[in-house]
Each structure stands twice: as structure tokens, then as C-alpha cells.
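Letters A, B, C, D, E and F name the chains as they come in the text, with residue numbers starting at 1 for each one.
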Amino acid sequence: MPRPITLFTGQWADLPLEEVARLAAGWGYDGLELACWGDHLDPWQAAEDDAYVQAKLDLLEKYNLQVFAISNHLKGQAVCDDPIDHRHQAIVGERVWGDGDAEGVRQRAAEEMKNTARLAAKLGVDTVIGFTGSAIWKYVAMFPPVGQDVIDAGYADFADRWNPILDVFDECGVRFAHEVHPSEIAYDYWTTVRTLEAIGHREAFGLNWDPSHMVWQQVDPVAFLYDFRDRIYHVDCKDTRMRIGNGRNGRLGSHLAWADGRRGWDFVSTGHGDVPWEDCFRMLNQIGYTGPISVEWEDAGMDRLIGAEEAIGFVRRLAVDAPDAAFDAAFSS
Amino acid sequence: MPRPITLFTGQWADLPLEEVARLAAGWGYDGLELACWGDHLDPWQAAEDDAYVQAKLDLLEKYNLQVFAISNHLKGQAVCDDPIDHRHQAIVGERVWGDGDAEGVRQRAAEEMKNTARLAAKLGVDTVIGFTGSAIWKYVAMFPPVGQDVIDAGYADFADRWNPILDVFDECGVRFAHEVHPSEIAYDYWTTVRTLEAIGHREAFGLNWDPSHMVWQQVDPVAFLYDFRDRIYHVDCKDTRMRIGNGRNGRLGSHLAWADGRRGWDFVSTGHGDVPWEDCFRMLNQIGYTGPISVEWEDAGMDRLIGAEEAIGFVRRLAVDAPDAAFDAAFSS
Amino acid sequence: MPRPITLFTGQWADLPLEEVARLAAGWGYDGLELACWGDHLDPWQAAEDDAYVQAKLDLLEKYNLQVFAISNHLKGQAVCDDPIDHRHQAIVGERVWGDGDAEGVRQRAAEEMKNTARLAAKLGVDTVIGFTGSAIWKYVAMFPPVGQDVIDAGYADFADRWNPILDVFDECGVRFAHEVHPSEIAYDYWTTVRTLEAIGHREAFGLNWDPSHMVWQQVDPVAFLYDFRDRIYHVDCKDTRMRIGNGRNGRLGSHLAWADGRRGWDFVSTGHGDVPWEDCFRMLNQIGYTGPISVEWEDAGMDRLIGAEEAIGFVRRLAVDAPDAAFDAAFSS
Amino acid sequence: MPRPITLFTGQWADLPLEEVARLAAGWGYDGLELACWGDHLDPWQAAEDDAYVQAKLDLLEKYNLQVFAISNHLKGQAVCDDPIDHRHQAIVGERVWGDGDAEGVRQRAAEEMKNTARLAAKLGVDTVIGFTGSAIWKYVAMFPPVGQDVIDAGYADFADRWNPILDVFDECGVRFAHEVHPSEIAYDYWTTVRTLEAIGHREAFGLNWDPSHMVWQQVDPVAFLYDFRDRIYHVDCKDTRMRIGNGRNGRLGSHLAWADGRRGWDFVSTGHGDVPWEDCFRMLNQIGYTGPISVEWEDAGMDRLIGAEEAIGFVRRLAVDAPDAAFDAAFSS
Amino acid sequence: MPRPITLFTGQWADLPLEEVARLAAGWGYDGLELACWGDHLDPWQAAEDDAYVQAKLDLLEKYNLQVFAISNHLKGQAVCDDPIDHRHQAIVGERVWGDGDAEGVRQRAAEEMKNTARLAAKLGVDTVIGFTGSAIWKYVAMFPPVGQDVIDAGYADFADRWNPILDVFDECGVRFAHEVHPSEIAYDYWTTVRTLEAIGHREAFGLNWDPSHMVWQQVDPVAFLYDFRDRIYHVDCKDTRMRIGNGRNGRLGSHLAWADGRRGWDFVSTGHGDVPWEDCFRMLNQIGYTGPISVEWEDAGMDRLIGAEEAIGFVRRLAVDAPDAAFDAAFSS
Amino acid sequence: MPRPITLFTGQWADLPLEEVARLAAGWGYDGLELACWGDHLDPWQAAEDDAYVQAKLDLLEKYNLQVFAISNHLKGQAVCDDPIDHRHQAIVGERVWGDGDAEGVRQRAAEEMKNTARLAAKLGVDTVIGFTGSAIWKYVAMFPPVGQDVIDAGYADFADRWNPILDVFDECGVRFAHEVHPSEIAYDYWTTVRTLEAIGHREAFGLNWDPSHMVWQQVDPVAFLYDFRDRIYHVDCKDTRMRIGNGRNGRLGSHLAWADGRRGWDFVSTGHGDVPWEDCFRMLNQIGYTGPISVEWEDAGMDRLIGAEEAIGFVRRLAVDAPDAAFDAAFSS
């Protein structure tokens, strides 16, 4: 069977889930990576209402779509973040935000992540994708000076906050797949190494491989797959296009909006950027990844109704199965 | 006269100023870029005690050292920063930190910057170097999503807080030279463009050009000199060595300590890195910069007593004066 | 409405205009960028015969083709050129060549450019594309030595010759779009800066952006669009493929014919070369360029009947409209 | 007539020739480059049985396939190789292997190459493709030290062994096209120069240009075509994808199997790699190569039934005929 | 104490050891890495004659030179090599060559390596540097096809032959430092990984890091140091200069002699090539390597009497000690 | 004997020759490459006055300076140039300029070149360096279109004008060394190939290799030496520093003055640019060039009195003699 290709619904949460399902099915997607925001999925409601979960499954079945993983980046972000501010208020929902007290937000976000694991289990899904947040991301510039003790404390804070959540994941038979991403505890290669150490390499914590955050940091996404091959729990396809090289556009984006051509890099529709997709898909075959490839469609310079359909064609064409036999076998047959 | 070369005392503030003066003079430096911390310079004390300033001048004269500019990065940082935290407490001094209330710290830092202008005038110096801090640097990752209104507000906050300070600079006939640097309101090319717009291109606000922060962002430091040629008020020489290219070391440094070879880049002694120094020095001649070149010595992998002496030799050799006549004049003579 | 795509008829002037119109319409082009040579357009005839202009419009209408701009590179070339020689004789037509006296040729070429503006107005078109010629291009090698006074005089000569032409453009409500190109007064970034200064940045004089001349000079065509965003009056799509890198093929072409693989670069059908088209089209959206994209088809190694059809497909696929909303709006909806 | 595109049957010799013919015809190939192994072609049988050759021609005709060249890499390899070992036993067939005595194997391999020339003549084909083997390839690392006398002797051994074979080629009016390839006497640019010298530049000995072996050695395949333009007797299309650049994958392949993503390079289906195909096809036009382009399909990471069909589409699209007239002719028409 | 710098005597074995000692001491070297050939060191003689060893130590003392490691590349090479041929005869000495029977040579070479460990112990040295040889290096081109079983057998052969040798090393308290090098069982990154696995990561087997063999294979020597940090037992400084990039010089050297400018790379005097020495020396500090840096001087285009003196100056200047404190400590002092 | 290093006096012709001799001798130069302008050398005077030549030789002897070659770029330039204009008037001298009639200038320039050969012979020198001029350089942009017949005619014009000059060279036993350079008949690799063909590869016409004109055109100066090894008659050392890469500085120099940092490249003092000097000097050894290395000092951003002394140190250090024996000879001694 060819590898299933899904659409992540996070960037479509302004539309009702049924509309997204209808579109995705029409474009040929095999399934959806459901986001826990908008009306797509609500872990709190699911915890209280079994019919809610069944209704979602029925909706997917109506459009002949599968679900292999669900995502809750927005609430995961709040688990470790510091500061907690207006940016979080805009994305975590009222139930988590509550009175906005930072520590309360973090704890309610942690509760939602536990509920997300429970929801996954009810949906028959073994993977939850998301972000972790980070207490030390804000120190990325290293000035004013930051001691290594502060960095160490940040990794410890992450472990302290996520271990109890991962205990619930273990109870549910579900794995968490962290997306390596600036703003998070693991945002590049060496922070991923350190993060896995911090959590004792426990199996409940793995990675959602999204190469779009690697290419502009010049982390090789292919080698990343090989080195962390036992922790690649999910694959998201988003692309990044570099616009570095004119001496003025910088790696850090200059606080410019997406799609501004003065940014040193930008997210673009899969296949329009600099991710070496074919090498990546071939390496996924090599490491034995058998899960879905999920298109996370983000491109502020392109109409998503055109782009999402084009993207599945691109992925379908390149993410081919490996052959059964080596070519040079023919020489001695 | 060849261009004067000075040593920035900021990274030597653990030593008494006299010891730094003795060392610098011994290595052949023409002067010092005095830091407003350690026992090197205290703007509050200078405001209250005229003899204090004279004593500093006497000390410099004793070692036959000149002063062209003074620096107050650490307190400038606190003027706009948000959050204000333990990192600031470690560097702003008790007078500015006070009870640690964030807004109070910012206002006391602003007061110190005004005093720094006054101190410069008393020293007979027309340039103060420093940082601005920033209310929006922390949003550099653009996730959780940040609206352009928030970015706009950050630039406005900068203008609101610095315009009154710059009024004092104008009164004193002194200019502020901001060092373009991550953590600050202007950290790359396009943020510098925007920052100068925010402040209405007023003459009191210019730049301390330090290329070490540009090379790892892939901003061309030579073109930067040309484009901002009317705002280059001071030059700091610090170098950065790139260690990108093995697929694992990332541009963002991985929260690793200075001198860790897994960082994608590192500060190194001038001449040991990837700054195109010769092109820079030639461009300084072209734009008519006549001020000092100041060695800001930072290299966590090298002994500073060896490095600072080597650095002045490197700069002296490359920062040559321009000739009087063009070579092809000889063809028709 | 999607952006219109036109075909420049200059390289098809050996064919009757009606044949070109039939072909272009058949391939799906939305219009033609009409050349003022061959039988396509004659500014002198148009000046004398109103029916001539109407007949051209009728012909276009018959094939359902629009016209947004007309071109007169060949005669514009003669306005400033020095020397005027057999190369000009072959391209300017008898009316301009006359007795071949150089200054006379220049002045008659200037007259034709004025007539071209008048013709544009009659056609209901607000843009004339072309070349300027240059009295100093021939000094590009800087040897035998050339003083800056000679260079200055060249820019002044350009202004003196073109200002009267541009006065007529202003009268007609038409703009001139100079194609930045070797042999011309503006052939790269800094000469464009200087040219616009020479002409006092008058609005009648803007640019026809054709990136094929930039990539082999290593001028970034995307940054060029941004920096001259208020002077981008028209867009021509021609591509250039680099063949540099074997240590023998040089940047200057070695006097070799087009399509010789030993040239360091060559013009090729749009999409077969090294122009970063997608970044360019996205930047055109950013700077608010709303005019046509015109395919200037040149490829000495490919059949034009195959290439011109392929090229419109390539451009149509990449030159997409910008979306209405940002993708991350969905996170907080 | 467009240039014919053939499929090399060497990597399909595990299938009966009729099955390969059926597949190739179905995908649109114009002909086959027949391999002298499997049941595809047997030079010994052809030498003894004229009906055998006719039956092959009939089979091709049945599927409307042409033959322009035949290949015998596997037996040519044994002519000069040293050592002769189990690797040769697996590929040379029983007739050549015999008792496995090395010198006997070499001489029987030479006999088969003579028969291959005779077979080509009977098939009406003027080109035989193959390998030469090499007595000195094994010294490629230059350690333990190897004197230039040993290298010289290797080239002489090649000439001594191949000149008698080429005499038969001359008698038959057939040319040998050596594929430049590691393991062979000529494996890169300078060894090709030296090999042609060794054989006195005799016309019977030319080259099968296969760029896949050049790109990972960083030999420019386009310049190679130009420099050896009078010896390009055949063209094989195989592609190579580089995976160098993460600091760990090496140029020499690390003894890893094909399709292992840790190899520094890998053979891939034509169009999936780093060969600059379009420049190559254009140069083939320039040097007047009029023979077939033959797809040698090798990709251990892709199903050959998908790949071989895709490959002919890729080649057909890019390997276009040159035009009749230059584009700039239109300017003066 | 600054890190000791030694000279490897292998390329000076045509001179009497005393002459080499006199030269090295004169140039300022701190010691010698003694080669087990020429008259420098003879493990067989040392095994039989205790006075022999003392005489060598006396000679070193006379010139105030230390010894930290001894080398026996030439005989180690023969332990696993296949074929054994005239190249080995020229370098292994009569005692090992004997009657030239391949298996006999291999076993006598193994005996010499055991004696070399014993000699090291007598000299008070804990490291023996050398090569391993390889039964599978000759298959590096992967054609004629080589199955993975053959590769596996090659690593097993290595382990079978070297484990008994390493047992003697363990008995003597001496470690073997294999130089990663083409022709050997470990010649790049991934073969080093596999080799260490084959030998069960036993402590007696480590690495002599010589970056000159890595740069032309595009293996990052800095990352190599970090990844194998617990197995870096010795450091040899040899440099390699790349001459790739003109489309004709290839990575494999074209069987051309050293110093021929058509080779794609060449060994050159330390500091004249493309090894990133400063990054390497800094990483040696980071991983805590405290041993000597040994100059292995090889440059076929330079006089060694000039080069060896220049090289120690280069190394001394760059291989500096790390500082005691971080520079940003000064900000809060 | 180490290779002699000379100073080209062309850029010092505003000074009396004796002053140049004094300076050069003081800096350690072994000789002078005398320019035929200023008061350094006058071929017309030499033709008429034997004492003139002896006086020059006496002057050189006084400063212990040798002469290996003389130069007459400025008059050679006028032999083929078209147009002849004010630029030539400024450099060819009154004798050649005369009434300024173009054809007359060309012929008188040709006469001076013949006299230059005669002068060389009188000085005991076998090489005259210079330029050829070109009738077709001005067509480098290929627009307005230029037919290949015009290009062909340009090469023929060169041959027609230079063959009679070269006849005189042959009579005198002197060779002409053309400096490959924009503005000349041969300005890059392929034009050099064509130029040598045009002149029938006659021995009297060879090359003055000056890599500064190659690097910015991306012609490999090392491969150039190898390919034209039988025509390298002289070596000039001038360096070029690239400033390409910021998207705005172009390859063609933008009509900007030397030393303007916006030029894409600039001439700089030897050792300050991008010429791979060490590879070049090693290749000079390989091809058996035994003549002088002559420093042509040009750097509009540096004082020549500092630069010329620094340059000889740079060249002396790198242009070393080749060794007598290969390093790996020691392994088997």
C-alpha cells in the first residue's frame, strides 16, 4: 500500500471541520491530522462526552478519511512557556487561559495535554503532536549573559512539567511527538539531544519531524531523521524558502511579516522551498517509518485552495515505496 | 596620522582601570573605549563629583592613552527591555536595579544614560556607545503568532523611551551610537532601517558598527557601512567564526556555552573569524570615517592576555590609510 | 483576475503580426507587447495615419488579445550610442539611418522615440519599453584609463538627449521603461542608481525589469525589484542559464555565438535558467506591481514554436495571486 | 526526426528479453541497447548460429524497436582486471570463467569482446559499449606507495590487451565505446586523456559518455563532451544524487549499500540527481552527436517499473532538437 | 604548560635518527613520534636487546626531545591487506616479507605489531600509531558488484586478525591508534563507526586523528573529533589542499603523482591547505585531549627543510591553551 | 637559485627611473620589468642612440638590478584598437599620436612595437610584454547584434596587423608576451585559444600570465597555466579582490572608480585578493617556467610605498623551489 498522506487541519481551523474534510477528500488526501482547536477537536469536551468523539469519527468516515494522529501545539506551548502573555491568550482558549495567571495557565495547559492523550486513545490514535513551550527560549541571544545553570534549570523545568503528562500518555498507550521548533525546549539538533537526555529518553516522548524549521537554521533534516530514527513518531511537510544572500536579508527575519520578501526565509507550500524532500522521503524508507506524511500547509504568499491540492500531488509523486530488489542483482542472474 | 586604535574595557572590568590602562599601553593601544561599569567609569558619581572625571583623565594621561568614546551597553539594555529579570540584576548595578520593579529599573536606566551623555561631555568625548534594549526582541521566533501592531508598538516604545534621553544628548553635544545586536531594537539590516525611521532619523542617534553580530546572520557588514554611512559613529572590532556546515551545528547556538564547538558560530579574537576585515577597513576609508577603531576583545577559547596584543597587530596591519593618488595616473604622466 | 501574460513580438518580427497574433492566441497569451519594427508597429506611419493605429487594434481584437505596452528597443539604442556603426544600420530602419551620419542618426532616433510615445497614447497604452544607448558603455573595461569626468559626461549626455524625449512622454501621459542591460546607460544596480539621479528621478523615466541581464552579473533581481519599486513600470521574462564553473567558460562570453556551450552564460527559454522566478513573482505582488508579465522569448538552442508555448505554462503556474488572509490567522479564529 | 531514446537492458537481464521489449515499447522507447548477458544477447552463440541473430532482430521488429548499439560491460571488465576473483565469477558467465585461472579468464574475455564486435556487425550496429578493466585501478589510494613506472605499466597492459581486440573491431567496421567509470583504465578526465594516448588515439576506441560517474568525482560532464567531442560514440543516461555536506557522508561511499542515505552519493533515476542534463543535451547538439540517448536505469530506492517510464518522459522533454535560425535574426529582418 | 609539538619521523627515515633529532631540536620541536622503520626504531631488535631501547632514549635525551608515541604504519598495513604484493615488499622489511607468501606476511606483520606494543612499553610510551590494512578496501568502487556479506566478512577478518594483537596491547598497557585513511578498514566516518563496532569498542583500539585524509572526502574533521572524543588517542598534523573546481581535476587523483597540479587534491605542509586547523585545535581543547600534536610533514612541492620549520611555527601559533574564565564574567564583576 | 622577483615599473612612471630603481633595490627586488613610457624606456630614442641603451643598463647595474623583460602595453594597445580616441591620446605619446588620425596612430604604434623588439635585443632581453588592442572588444555585449563574420574579421585584423610586427620579433630573437586582458583580442580562455589559432600558433607570440584579469571572469588561472604551458613567456603578479555577493555589486564594475567598494571587484596588492597564488606558483614549477615573477603593483586603496615592499615578501615566501625528491621515497629507503 502506498504511504498515506494526510492534511493537518491547524491552519484551516477558521473553517468548520466538515468543510475541511470535504475539501481534503476532494483533493485526494487519505486522512486528516486533526487540530485540537477551532471546532475540529476539543479535548475537554471529549473527556466529558463520549458521543462527541464518535461524531468526529463518523464525520471522517463520511468523507472516507482516516486519522493517524492528532495535534495540540497551541496548548502544549503554554505548558513551559515564560512569559505567558497576550500571545497565549489569543491561542489557548478560555478554558486554559482562565484568569490569565501565568502558573495557572501552565497547569491548565498541562491538564489539557493529558486530556489530549485520553482523546487520542478514544479516537484509536497512538500519536499526539505538539509543542512543549520553553522557559529558556527567550535567552536565545545569550545577552544579557545567561549562566549555564539557568539553561540547566530550563531543561529541568521541562522535565518536571512534562513527566506527569507523559505518565498519562503511557497509561493511554499514546506517544507525544514534539515538533522541533524555535520557541520550544528543543529547537535544533543539539537542543534535541539535550531534551531527550532531560526526559531520560523515555519512549512516550518522541518527535514530529518538520524540516521547515531546520533548513533556515542549517540543520540537515536528512541526517536528523537518521540520528533520531527511533524517535521519529510523525512527519509534517512544510517547506521553507531561503532568501538569504543579498547581504541585507538576515537569518532572524527582521520582525517582518510572513511573505515579506525582505525576510531571510519564509514558509512556503511544500515543494516550493529548499527542503531536500526526495532525500528525506528516501531516508524515511530507510529508517522504517511507516506512518503518514502530513501536509502542514503554510504559505502567506499563495492561495491555500490552490496550494493544498498542488502539495498532495507533489508529495505523492516523490514519496514512493522502496523496491524489493537491488538493481545490480540483475547482473548475475 | 594613522587611525587610532583603542581597546574597549568592557570585558576587562574585573580588573582595576589602572591595570587595564597599563596593559593596553604596553601592547601599543592608542587609547581606551571606557566602559561605564566595574571601577572604570560611573556616570552617577561623575554627575556629583567633578574631581572624579579629572582623575580618570589624569590616569589616561599617565599612560599616554586617549579616549574618543565611552560605552554603557549594560544600562542602555534595561531602558526598553521586557521582561526585566535576574539577567539585568546581574549587570545594571544597584543604583539602577533598586527594588527591581521593572518599570522603575527602566526609568533609572534611562536616567543613567542621560548622565552618561553628561559624563561624556565632561570627558571631552562626543560619542556614547551602547544598547537600547527592546520590548519586542523576545518575539523573534514569531510564534505564538505576533501581530504587526505589536511590532509597531515595540518601535514606538523605543522612540518614546529614547527621545527624552537623546534630548539630553543634544544638549550635551554628544551622540549615541547604538550597537546593532540581537536582543536590541535594531539587530540586523531591516530592523536598523525601521529603527532609524522610528526615531525620525535624528542625528543624535547613530550606530556603533560591530560586524561580529552581522556575519552569523549573513548581513554584509561592508554594505552596511555604505548604506548607513551617515550614521556610523563608532567602530568596534570583534570577530565571529562560523562553524556551520556539518548539518548539526545550528545558527541559533543551541543554548550552548561560548567556546563550545557545537555552536554554529562563536565570538573569536579579531582576525580569527569570518569578518572580511580588509574590505571593511577600506570601506571605512571610502565613507570618510575618521574615528578610532576599537578592539572589543571576546574569545572564550583564548587567553585574553595573548589575544589582545595579537589583535592590535592585526588591525594595525590592515587598517591602512588610503593613498593620495590613483595608480593609473602614472600611465599618462 | 489573474495577472495578464503577454508575448513580446520583438523576436518574431520576421513573421507578419497577424501570424504572431494567431500563434500567441493559440498558446493562451492574454496579449502582445508590440515591437516597433518588422511590420508590427511603425511610429512614423502611425504619426501620419490614424487608420493605421485602428487597424492594429482591430487585429488584436480579432484574436482577443490585449496590449499593455509597446517596445522600441532598437531605435532607443541609437539615441545615445557612440560609435554609431553597421550594427545600428542593421536595426534602426532606413528612416532613422538616413545618410548614416552619426549625430543625424541619434537625432532621428530621438524623433522616433517621441513618435513612439504619441503612438502609445493613440493605442491607449501608458508604457513604452526600450533602450537608451550609452556614450560610455564602451569604456566598461576601464582601460585605456578613463577619468571620472568622462563617465560624468556620459550620464550628462544621456540626460541631455532624453529629457526632451521625456517631455513628449509627459505630454502624452506615457512613461518610458528602460530595460537595464549591458550596452545601455544603466546596466546594473549602481548604474541604475546613477541614471535615475542623472534624470532627476523624473516620473516619466522608469524601468523594464528583465532579470536575464542581472543573473550573470550577479545582481539580485529580487532586491532590485524592491529597491526600485516605484520605478518598475514593466516586466519582461527572459531567462539566463549560467555555465560558469569549469574554469574555462568566462563571464564575458568570449565573443562566442549564442547557444555555444563554452559561453559562461546564455539566454534560455523562461524556466530553463537561473532566474529565481518564484521569488521574483512574489516580490512583484509585494510591491504592488499590477501590470502584465511579458514573455520575451530568446533561446538559440530551442525551437521557438515549442518554447513559447511551454513558457506561458511555466509563468502561469508560478505567477500566482497573493492570498487574502495570513495563514496564522487561523490559530486564533 | 527527434533523437531516438533507447533503454539499456543490462539492469533488466533477470527478465526475458521479450518481456523487456514489451515493457520498453509500452513506455514509448524507440529502441534497446542490448546487453550481452542474461538471455538478451550471447556473442558466442551468435558466432556459431546465424539464425540466433535473426531471431533477435525479429523480436525487436515485433515490438517496433530499433537497436543502435550493444553492450558488454561485464566481459570487457575482465580483459585487464587484476585481481580476477569471485566478483568476476559472478558476472562473466561460465564460458569466460572456465577454470577460473586469472590469465585464462582475461584471454577468454578478450575473445568474447572480439565476438561481440562480430555480433554487432551481424546486427547492423556500429557501436559496442563496455568496460576495459584495469590492472592499476586497485592502486587508486596511492598507498602503499606506487611508483609512476607501475602506473605506466598499467596503461601499457591496457594497450597490449585491447589493441588486438580493436583490430577485430576495425575489421568489422565497429567501434568500441568505453564507459569512463571507476574500476576501469579511464575513470575520470585525466585518465581518459592518458588512455587515449596509450591507444594512439585510434578511431576504433571511443567513449560511452555516462555522466553519473563524473558528478561525484566533480568532473564536469558538459566540458567532457566538448573536449572529447570526436570520441563520443554513445550516450548513457544515469543520474547521481549527491548527499555530501553533512560532514559525515563521504565521497567514497563508506562500503555502504546502494540506497543507504549515509552514502555521499547514490545512483538515481535520470532526472532525480545532480547531472546538469539540459546543458548536456544542448552540448550534444553542439558537438553534432546524432546517435541515441540510452536510459541506463539504476535506482536502488525506487521501483524500476515506475522509474523507467518516468525517465523517458524526462529525457524526451529536455533532449530537444536545435532550432534552424538564431533569435536575433529577427531584429534585422 | 603549552601542548607539546612533535615531529613524526616516518618521512625522514632516509636520514639517520640522530640527524632527524638534531634537525627537529633545532627547529624547536618538543619531541619525536618515532617511526618503526629506517634506523629509527626496530621492534624485533628491541624485543631481543634491552640496550637498544636505552640507546634510543639516550639519543632523545641528548637532544632534549621527548617521545609520547611511536608509529608502525607500514607493518600494520600488511596485517589485513589483500592482495599482498610488490608494494608491501618495498615497505615491510625483510623480516616480515620473508618468502613473500601472503598469509605468512600477514602473520609476521601481526607479530611485529605485538612487538611494537612491547617496545612502546619499554620506551615508557602508551600509544602506538599505525594502519590496519583491509581485505575490502579494494572493493571501494562497488563494481564488479560486491555483496554486503563480503563487506561484513571484511570487518570480521579485521577483528579476527587484530583482537589477538590488541590482547598483547592490553597486556602491555598500551593503546593502538589507527589512522583513518583510504586503504584501511576505517577510512571515513561511517567505516570508523563500523570498525569500532566490529572490535566491540574495546579500549585498546582508538584513533590517530589525521585530518588530511578527511577534507578531500568531505568528512568534517572537527565533528569527527567530537563524535569519537573517547577514542582520540593521538593527533597527526598533515594538510591537504583542494584543487577541485575546474571541471577536470577529479576527487580520485587520476593516478597522477603527488605535486601534479592536475590532481584534485594534494598533501601539503601544515597550514598550506584546507584543514580548518584553528577549529580543530579548539575542539581538541574542548574534548580534553592532552597529548602531543605531531607534525607529519608531507609536501611533494616544497623543500622539507624549509617546511618542517615553518610548520611548527604555524602549529605553535594556533594550538593555544584555553583560558581559565569566560569573557562575559567581567560584565557582572 | 631562487626564482628572481622583479618590479614592473609601469605604475611608477611618474617617478624618474633612478628613483624607482633605488626604491626597488631597497625593498629587495632582483630586477625591474621596465616600462616603455615615462622616462623609463623610449624605443624610438633607443633606435637612434646606442648610448641610451647602455646608460639604462648602467643605471640598473648601479643598483644591482637585472632586467629579464620589458613592457610596452600602452603602444601595443593602439595597434588594433577601434575606436582610437582621447584615451589613446593620453597614453601613446606624441610620436605615435601625431595628428591623431586613427589609422595613422595604429601604424605608428606598430612601428613602435617593432622598435621595442629591437630595443629588447639591445638590452639582451628576450621578452617584450604588452597588449594587442582589438577591433572587436567593443562588441563584448553582443548587442546591437554582431554577426560571427564580424568577430572573424576582428581576429583576422589582429593577425594582419601583428604578423609583420612578429616578423621583426623573429628577426631580433625576441618573443612577444601578450597580457590576456579585457580590451584586448584575447581576454579570457576561449579568446586566447582563438587568438593563438588566428596567428597560427607562431612561436613569436606567447602570453604574459596575469591572473588578476581572470579571477573576476571566473577563469581558473592555474588551469590556464597548464593548458597554455608552452606559451607562458612571462608572469605578472597583480591581485584582484572580489566584492560580489551582496546582490548589488556587479561583475562589470558599474563605471565606478577603482577602490570604490561598490565595484564587484578591484585590483589590490598581491596577496590581498582572491588569486590562488600558492597553487599558481606550484604550477609554474610543474610546467617548467624558469623566468622571473614580476610584481605589477596596483591598489587604489593602499599606499604603494607600503604595498610594494609587502608584496615582495609575500611572493618570496610562497614562490618556493620544488624539492628534489618525493616524500614517500623515505618509506622504502
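Note that contacts are C-beta pairs under 8 Å (C-beta built on N, C-alpha and C of every residue); 3 or more make two chains touch, one makes a residue touch a chain.
Source: prediction; values computed, not measured.
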| item | value |
| --- | --- |
| Reference interface A-D: repeating pair among A-B, C-D or D-E with over half of contacts shared | C-D |
| Most widely separated chain from subunit E, with each centre as the mean of CA atoms | C |
| Whole-Å separation of chain centres (CA-atom averages), subunit B against subunit C | 46 |
| Centroid distance [mean C-alpha coordinates] between subunit F and subunit C, Å | 39 |
| Rounded Å distance, subunit C centre to subunit E centre (Cα mean) | 62 |
| Geometric centre distance via CA averages, subunit C-subunit A, whole Å | 46 |
| Overlap residues in subunit F, where contacts from two or more other chains coincide | 74, 90-91, 144-145, 220, 222-223, 245-248, 257-258, 262, 328, 331-332 |
| Complex contact set, residues of subunit B against subunit D | 245-248 |
| Subunit C - residues contacting subunit F, complex | 74, 77, 83, 86-88, 90-91, 136-146, 148, 150-151, 154, 181-183, 187-191, 194, 216-220, 223-224, 244-245, 247-258, 262, 264 |
| Residues on subunit F engaged by subunit B in the complex (per definition of touch) | 10-14, 37-38, 74, 90-91, 241, 243, 245-246, 248, 257-262, 267, 272, 297-304, 306 |
| Interface residues, subunit C side, partner subunit A - complex | 220, 222-223, 226, 278-279, 282-283, 285-286, 320-323, 326-333 |
